[in-house]
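Both complexes shown next keep subunit A, but they swap its partner, so subunit B is in the first and subunit C is in the second.
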Partner chain A sequence: MKKIVAVVLLCIILLMLAGCYDARDINDAAYILLIGIDRGISDKFRVTFKFPAFEAGGAQGEGGESPGGGLNYKTLTIDAPSFSAALELANTNIPRTLDFMHVQFIVISEDIAKAGLIGEFLAPIVRNSSIRYSTRLLIARESAAEFVELLEPFGGSDITRMCENLINQARETGLFADLTLYDLHDCMTSPYHQPIAVLAAVNKGGNFIEKGPKWDTKYNIPGDYYAGDVPRKKGSKVELLGLAVFNGDRMVGKLTGHESRLLAMAKGAFEKGTYTIPDPKRPELNVDLEVREARRPDIKVWFEGEKPFVSLKIYLEGDIHSIQSGIHYETPEMLPVIERAFERFIKRELAKAIEKTQQLNCDVFHFGHTAVKKFETIQEWEAYDWNSHYKDAEIYTEVDFKIRRTGTMIYSSRIKYSGEDK
Partner chain B sequence: MPNILRAVIDLFTYKPLQKFATEEYLGEESQPPKNGGGNDGQDNASEGIDWQKILKQADDKQVQQNNQGNCRTAGAGGQANGTVTGTVKPTVVIRRRNRQKKRAGQSSQWRGLEKRDVDLIKNGMVASNIDVNMEYIRQRFSVPKNQDIVIREFNVAKRLKAFLVFVDGMMDKTVINQFVLPQLMDEGNFKEFSQGDVMDYIIRNVISIYQVTRIKEYSRIIPQILNGVTALFVDGCSEALLIESRGFEKRNIEAPRTENVIRGPQEGFTENLRTNLSLLRKIIKSENLITEILPVGNKNRINCALVYLDDTADPELVQEVKRRIRNIKYDFVESSGMLEQLLEDNPFMLFPQVISTERPDRAASFIMEGQVVIVCEGSPFVMAVPVTFFHLLHSSEDTMLRWQYGTFIRLTRFIGVLIASLVPGLWMALVQFHSEMIPTPLLLSILKMREAVPFPVVVEVLLMEIAFELIREGGIRVPGLIGQTLGIIGALILGQAAVAAGLVSPILIIIVAITGIGNFVIPNYSLAMAIRIVRFFFIFMGAVLGFYGISVGLTILLVLTCSMKSFGVPFLAPFTPKTRRSSDLILRKPLYKELVAGDYMDTVSRRSGLYPKRGE
Partner chain C sequence: MVGQGKFGNKEAISALVIACMAKEFFTDPNMIVRKVGTAGWYMVLVSAAVAALGFTAVYFLLKRFPGKNIMEIYDDVFGRYIGFGFSFTVAFVLLFSAAMNLREYVEIIKIYVFPKTPPVYLIGSLAVTAVILSFIGLENITRYSKLAGYVMLVGFIILLMLSSRFFRFYRIYPLLGYGLKNTLVQGFLRSSIYGEITLVAIFAKSLHGIQDIRKVGYTSLIIAASLMLLMQLGLTLIFTYPFSKELTAPLYAGASLIHYGVFFQRVESLFLFIWNISTLISIPLLFYMVLLIYSYLFKIDDIRPITVPFSFIMIALSLIPSNIVELVQFYIRYLREFGWVVFYVLPSIALLMTALTKKKGWQA
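Coming up: the complex of A and B.
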């Protein structure tokens, strides 16, 4: 009996001594929510952290403040030679251990991206077990520090919800994509395609012209902006729009929101988006369509010698949102008019976007994933080096578009004017 | 390491003492019916009966009577007592002499007693001489010191000397006053009696009582008297007549207090053994329902009844239950709660190995499943054995409701058990080790709420859990009216004020509350108690080792539970070991698809009838 008691006691003591060593009370940690990375001035990198302020709240105050409401955030910017060095330096002035489990965005400035320093900088981050590989990665147009500082909850108090929902808008519009640290870091070394990352920027309202001649009947493609260029005023200070295109770990170009959608369509990742195209019969007026991907695109790749040929057919379907002209397009005879017009539009734009990427020699369309099937061994494939042959590829596109529903109206009628206005 | 594990497992495995087990088993084999009579000498010796004293006094009285020719019983006792104190030494001398010439004829020393009477009384049998019997009874019950025992002397039909013995308050007065004494005393009733067995005549023609028994052995008569039966001794009869006259104050049948159901019978067991048995009989109207009554407790000898279905319950199980009950060496068994502790397989295990219920319908369903139900006098809770973990989580309502509802409430209950045992531990693990698992917005609000709390989470959790246990225990102990107020005050003060004072965070109140509610869901009180304790174990494991600790804790608990047995049936029976089982464990099926008993019960007749019991 004594022996058994001794054994049990020993077990308990061992547990007590060895058990708790890495236990950390949640209130002893500073939970970093955003990381911003710029080129430094006093040192190689300038790292910015954003974390919630350690304020007591909840039911203690009699003022009826709801628990969790009214969170405040603080930022800290440090120049350091590397990420790990920045961490250590941060702990010299923050009274809590930094915790990266809950990082929402890693924001990297365009400077760094263009200088090809991303690979170097991300190396310690991806090895750090406390940073999730699924953290979203953004490329900030100007200063990442500024972006991190100005990213504030809009219409709410919770910055994490803001970040989550902002990224979720990618699915609603297709104007950017939901891309993670994994997408960038893993694709850097991929022989199949080149990485992309979401473009982000602080919108200072520079494109918003207060006074000037009023808009005429010109036509602008929706979402054809880079991040930070949307003509708007107020709202949230930041925006995500378009994609950055990388060659290896060097950023070489950008895609607008519109081009991002086309890219999504070609990859089969497009969920839905609204398009406004000129009315085929009265080009000064618009037709609004909500477009979805009907099924995954058909991609065929074949080779003639070293030269690759790609045929891409995408299938779209959609609903009519509005027909401003009042022309009765809803009949089975007239629907194809809109369908063909939209197909031509998409085909033209797609060709432009593909050409743009070919000029950058970056296969962001993932054609490589189909091309690889033509090779018998992975060695042959790697020897062929798809990424450098992409610019030579001849790419044929085809678009198929069907209108499924016409909204709650099955008949458009013209607006009636009285008297001489006719 | 295996050695350490074995040592730990050994610690939790109960092994009966070796000599205890074998000796008792043999003892039981040799004397199946308790009152064979062979053990009376030993019995009497242990009770320290002074034979010489009894015989001497009876003898004295006999001589006196013979001399005087009439009876003066009232004075005789006192007189005899007086003489005895003075004659202790001669008694010893007589005894010694007695031993020397055993064969020489014992009766020679007794002037007025027949040899046969002396032999009878020495063997614990009723003597035909009434004075001997009277003295024996007086000795056994310490009359007149013991004032509860009433010895009523009278003459049967004005001729034969007789007396009644009963315990005051345990019997129904009207039975004695109206149906026994008047009829025995009435000479008219004995007109036709000429010669022969007077006891037989009394039974057949005189007493109008529904149940009377003739018994020779004192070892059976005395317990019956203590149970409230009246014993009639008549001069010249070497038998006593036990007259069923039991009638004591008892509680009426009320709704069960601890096991409430919405749909189902609202009768509960009471403290009265007979009532409880009748409640069971009312539900199971089968001639195969067997009731065996065994006395328990070396000193207090309360009755407990084994109830089982002869054609269903495993005979070996019945044997085992009987063996355990007979071999209880404990002076005072008060109620089923104590009996449970004396019967269970492993006293060191946390989980109950016997299920107790207050509901006759539930007990009846146990009987139907092939379990043995033990009804104990003086307790409204009956026990059923063997039991598995799943029995403890069932409630009689599960089967009374349609199977969809039954399944739903049963699932709720399982979730309740998980919540009650694990939630505080998981919380500890989450906030100490795994903050990455908390959704960020929730984490931020927790941070904010905990910011003003000066204690580590362990202290916070223990503080609240202990406070909660206090409220719960206090709520049970305080008188009814204050009880509710206490609950409210406890909840208000400890919840609201503790948060306002910055002692604990609001989220912890939710944790403690949901744990408490989860615990209330458990239908079995013993299991609920076990889960209350298990909760602290998981708090410790969670605080020390996080999720890893909780999984280690779960494994340890599961291993121990697997090794547990209740009357030979593994505690997690239909799952480990896996047997063909009744589907009525967690999910329920429509009734017509369900088997009543699982294979692990090893019942005599299985539903299919294709599998005869082993060895038959």
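Coming up: the complex of A and C.
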């Protein structure tokens, strides 16, 4: 009898463990990959969802080739007073329940960010347990809906992999950062620093000039653009470059890709990047360096009365990638010439970037992380209000750069010309 | 009387540590940050020091009455009526604690994992588990605790290591949180987070003598305090204090941040495993302790007839809070802040009485 009861109980438990209440069939869900948020016209917000089509016939797209390695994507844009309301309304016309477990990017338009509506819009998102804090958050230069629409897989991948790989470029280049919903929400309420978010844009090729006078010997700092401004043609329709700077939940400024790299260097978050600087001996030509962080920066903060003082020392190292002039820098006497030139370049640019953020009164350089060590209690720290005092800080910078390797060449030979071409 | 079976020190230590830790996986870290800010990681050590003093009182009391459990000692020291009152108070607090922990677990799991499942279904499932485990007895509960304990410890350490990517040391500053005095006071008040260690006094007869009780109590306390320190420190390093104050279940939120590329993410299911198993041990353990005390007080030889009725009482109690805010900010808050009275003060009063009356177990 006992055995029969045990078997019956086991069967009942098996049925109960099937999770009938919260069971979700994959065919009943639309897995949202991208969410775009703009200011609405028919209602307060315009929310765009992008999700895989899951059309009949497996993963084959209509009409043969599709950019997503066989997957097609659909978008839905809806005007609603809030995210939750948009979600409800979306479910009235899509015969699948929207599921946010796989969201890659939440894209918010610059318009919303500047109006200080991010906090208002993010409130229901951060409370929603199905949207993960590790979801990346982007600020779209113009329309978030357009960005979401045009973000398509590039080079045979699917959107998930495309997004993941795109974000990985932050580590490869340092021209933007890998920032998530967690970062933005954490920083918005933080008394230690102010938030930043990645700038994103559709690149319509407007800065790519097909015809005109050829480039002379002027020098352009690489990556000194905002997203959408890179002079390029074709490739992916979208790009991530630079950072949006926030005061609380209001976007107050932007950093270019180049400034974003300097920011990463100062925060100890710079992995590597390629720099092109004018040749110290022949400024009309360039030297390419691959630069890495040698060790974490030294940051000291002290106070004289209420006024904060900051000392920042950055340690970098790198390899020579190219010397256009062919000058033989690969000697113990000449290497420091490049090293000092690069140090001066970074120091000058860093001072400009710091001044820019001080004008915005936004400590995105995280000096507050060191300043807080001077305070014993939260009451003292909050009463001082670091974020308000950042603009008054006197900041001294120092850069240390060492060349470690010279690439596959350890000696530069002069190019030989015949007499009349010299 | 009720036979509880005999078990070893490791089994007892596992059960007690799990019982202490289980409730910390829910809203407690949030409450700690709200009270002491960035000082939560060492506040748990202050609480552990107070709990050590409290347990020392329990230990000396048990030492004076060898071979007896705390209910028998209360009867010996205070007489039948006052002793009954003391033991009944302990039973009531344990039952209420089990019910509130049960409700807290259900509320959190509804938020994060099973949003559509009715709470009664979840509560019922846990209550059924408590009943089944009570039927199979304390010895089996503790043996299962030992088995699960190792796996859970490894899982906990893996989670901490994986989330170490998000550690930022500036977040522990300002070091004194809302002030040293505040941290000490809150550490004292919240010493009941280790209150379950004193359960050893209820199942004292299942261990092999007073030396084992001492060993089990202090070892459990040290392990629980170390894990609590690691957990609280980890959370402090992951979330700034204003963010931590907002999170319903900071530990779960921390686990859900873990993301190492497209193939290694969503490891919070590992945490969910630790969460569920620890709850499935701690609530039945508290429930079983209530049954033990009740059966002693009313001279019931077999706990089985009272198991199902008590599970209904536990379910009813768990349904008292009308919402999560009331549950956390009223019921759980006062249980944590005044639990020390039941866990440490009652045995201390008994110890004081025995010292004043020079009463000893072998003289009784």
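We adopt the following convention: the second predicted complex is superposed on the first by the 391 of 422 C-alpha atoms of A that agree within 3 Å, B and C clash if a C-alpha of one lies under 4 Å from a C-alpha of the other, contacts with A are read in each partner's own complex, and residues count from 1 in each chain.
Note that a contact is a pair of C-beta atoms (placed from the backbone, for glycine too) under 8 Å apart; a residue touches a chain by one contact, two chains touch by 3 or more.
Note that the structure is predicted; figures quoted are calculated from it, not measured.
Asker: Tell me the contact category for A:Ala351 with respect to subunit B and subunit C: first, second, both or neither.
Answerer: Touch partners of A:Ala351: none, neither subunit B nor subunit C.
Asker: Have a look at where A:Asp22 lands relative to subunit B and subunit C in the superposition and call it first, second, both or neither.
Answerer: After superposing on A, A:Asp22 lies in contact with both subunit B and subunit C.
Asker: Just subunit B (first), just subunit C (second), both, or neither: which does A:Ile4 touch?
Answerer: First partner only.
Asker: So, does A:Tyr31 touch the first partner subunit B, the second partner subunit C, both, or neither?
Answerer: first
Asker: Of the partners subunit B and subunit C, which touch A:Thr160 in the superposed model: first, second, both, neither?
Answerer: both
Asker: After superposition on the shared chain, which partner residues are touched by A:Leu335: those of subunit B (first), subunit C (second), both, or neither?
Answerer: Once the two structures are laid over each other on A, A:Leu335 reaches no partner at all.
Asker: Would you mind checking which one, subunit B or subunit C, touches more residues on subunit A?
Answerer: Of subunit B and subunit C, B contacts more residues of subunit A.
Asker: So in the superposed three-chain picture, is A:Ser190 touching just subunit B, just subunit C, both, or none of them (first/second/both/neither)?
Answerer: In the superposition, A:Ser190 touches subunit C alone.
Asker: Please report the subunit A residues shared by its interface with subunit B and its interface with subunit C.
Answerer: 16, 19, 22, 132, 160-161
Asker: Give every residue of subunit A touching subunit C within the complex, in rising order.
Answerer: Residue positions touching the partner: 16, 19, 21-22, 129, 132-134, 160-161, 164, 182, 185-186, 189-192, 366, 368-370, 372-373, 375-381.
Asker: Using the touch definition up top, name the residues of subunit A that touch subunit B in the complex.
Answerer: 3-4, 7-8, 11, 15-16, 19-20, 22-27, 29, 31, 33, 52, 54-60, 62, 67-68, 71, 99, 101-102, 104, 130, 132, 158, 160-161
Asker: Along subunit B, where are the residues that touch subunit A in the complex?
Answerer: 4, 7-8, 10-11, 431-433, 435-436, 438, 440-453, 456-457, 499-500, 502, 505-506, 543-546, 549
Asker: Under the touch definition given earlier, write down the residues of subunit C that touch subunit A in their complex.
Answerer: Residues of subunit C touching subunit A: 37-38, 111-118, 121, 125, 168, 170-171, 173-179, 239-243, 246, 253, 256-259, 261-262, 265-266.
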